[in-house]
Amino acid sequence: MKSEIEIKIRGYHADHFKHVNHARYLEFLEEARWNYFEDLNLIEMLFHPKSIFLAVFNIKINYRRSAVAGDTLRIETALNRVEKRKVIFSQKIYSKSSDKMVCDAEITNVLINTENKELIKINQEILEIWPELQKYYDTYK
Amino acid sequence: MKSEIEIKIRGYHADHFKHVNHARYLEFLEEARWNYFEDLNLIEMLFHPKSIFLAVFNIKINYRRSAVAGDTLRIETALNRVEKRKVIFSQKIYSKSSDKMVCDAEITNVLINTENKELIKINQEILEIWPELQKYYDTYK
Amino acid sequence: MKSEIEIKIRGYHADHFKHVNHARYLEFLEEARWNYFEDLNLIEMLFHPKSIFLAVFNIKINYRRSAVAGDTLRIETALNRVEKRKVIFSQKIYSKSSDKMVCDAEITNVLINTENKELIKINQEILEIWPELQKYYDTYK
Amino acid sequence: MKSEIEIKIRGYHADHFKHVNHARYLEFLEEARWNYFEDLNLIEMLFHPKSIFLAVFNIKINYRRSAVAGDTLRIETALNRVEKRKVIFSQKIYSKSSDKMVCDAEITNVLINTENKELIKINQEILEIWPELQKYYDTYK
């Protein structure tokens, strides 16, 4: 499954050089992951009832083209792979008008228990609520 | 007492028009109030032990001149007045090079109990730890 | 005309106290004003062709209730009044679930020429492209 | 040369989970790089007179521990390596109280001509103004 959102760039997203600042893109990517979670109903079905949150553990991001105020960005979010304690997303940001890639990123998350702050191992219960994970989990094993 | 900090403006503070964006100034002003609290040792002496925090209730801010990357801002923070449940700060931002005023703001805070989230009335205990408040409190009464 | 947008609050919008930070609301309000401008087609019809931008000159904002991650905010933007060189907006933020007011703000903008950075007086040409302004301008005169 | 700055974490730096949000760290790292440039006088000696700016091309960042409001962060910035058109920094963020690493990042910058937006190849003139670069440049060749 690939989740998509669009974000219109405003003057306040841009910096001194009139480009979207590199830190701001991480907010756009986080917004896009929340939309992915909502598309799969994970907030209501998994995160809240099981006291889980996904913490960002590692980010690799390439800035390929600049985007400026007035552009609309299309952000694609998809699972990339899964490890025992990690969920790795691939995210791509395109300029909607040119369809050219602005950024691509690999975001590694770990599952953390909101009560005791401990890492959670991906288990059967999680895989059932988030079946998308299963496919990647099988490959991992 | 007047507390002062300096902040050097970077490209990432500015927006599309190369000016510091109006939302970013509120972060600068908050930073300056935290420095005021530290100058008076209020975090250790009042906020943590008494489970108090100051929540922003009202902001009035005038943007008088623009500031750009490379400028250094000097921010002055002082009490303006005190009411039964409110502490009102006056904050002024100057460009350090020109000494001209960039912004001035009046920030009204309410004291909130971090445990039960209820408003706190300024009382004798608070006035003793934050004697600066006393002078303004007397005027108010 | 009243322009409306909705914004879903995420964890990254909130601060240490789990509330949306007061500076972040100014970004939400700016986003809502851009939507107002788009609803009236002002960016294409007025701002770009006439080299005009609206700079924030003064903000008055009241924080009435806190909003937390998961809430959806509804933001209403409408003209409040017009002066010779100023356009004043009234903006209200509601929690969508409770329909209670979270913030209300009065934002005063000045029209600035993007070429020479000088203030622009509201004139007949501007009033024709932005007829909404006319009604308030008449009251002002 | 290793440049160091300290940043005190405030409530507005933290997010819903009371941790500094991952996007905010990129602002801290950018602030630290600006300090590095200032330590070497590069803004006045190289960037402005030669119309150069360093654009972020790639970021790899590992989040190792969380940091919360009240912590002071120490950020170390040093050159890591140099390529024909790239300057790669290594940055490390430590909690000052525990001296434990909070984040480490590798930031790849490209030199861009602010006039024509074209990439700049590192040349003799640049190496003379930024001698630190020479050592790494020699290794690269």
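Note that the chains are named A, B, C and D in the order they appear, and that numbering of residues resets to 1 at the start of each chain.
FYI, a contact is a pair of C-beta atoms (placed from the backbone, for glycine too) under 8 Å apart; a residue touches a chain by one contact, two chains touch by 3 or more.
Remember, predicted model here, so these are calculated numbers, not experimental data.
Engineer: Which chain pair shares more contacting C-beta pairs: C-D, or A-D?
Structural biologist: A-D is joined by more C-beta pairs in contact.
Engineer: Farthest chain from subunit A, going by the mean of C-alpha atoms per chain?
Structural biologist: Of all the other chains, the one whose centre lies farthest from subunit A is B.
Engineer: Give, as an integer number of Å, the spacing between the C-alpha centres of subunit D and subunit C.
Structural biologist: Centre separation, subunit C to subunit D: 35 Å.
Engineer: Just how far, in Å, is the C-alpha centre of subunit D from the one of subunit B?
Structural biologist: Each chain reduced to its C-alpha mean, subunit B and subunit D end up 30 Å apart.
Engineer: Find the geometric centre of each of subunit A and subunit D from their Cα atoms only, then give the gap between the two centres in Å, rounded to an integer.
Structural biologist: 24
Engineer: Scan subunit D for residues touching two or more other chains and write them down.
Structural biologist: 10, 12, 17, 23, 27, 30, 53
Engineer: Can you name the residues of subunit B that touch subunit A in the complex?
Structural biologist: 10-18, 21, 23, 68-69
Engineer: Considering the complex alone, what residue numbers of subunit A touch subunit D?
Structural biologist: Residue positions touching the partner: 17, 19, 22-24, 26-27, 30, 53, 55-63, 66, 114.
Engineer: For the complex, which residues does subunit D have touching subunit B?
Structural biologist: For this pair, the touching residues of subunit D are 8, 10, 12, 27, 30-31, 34, 43, 53, 70.
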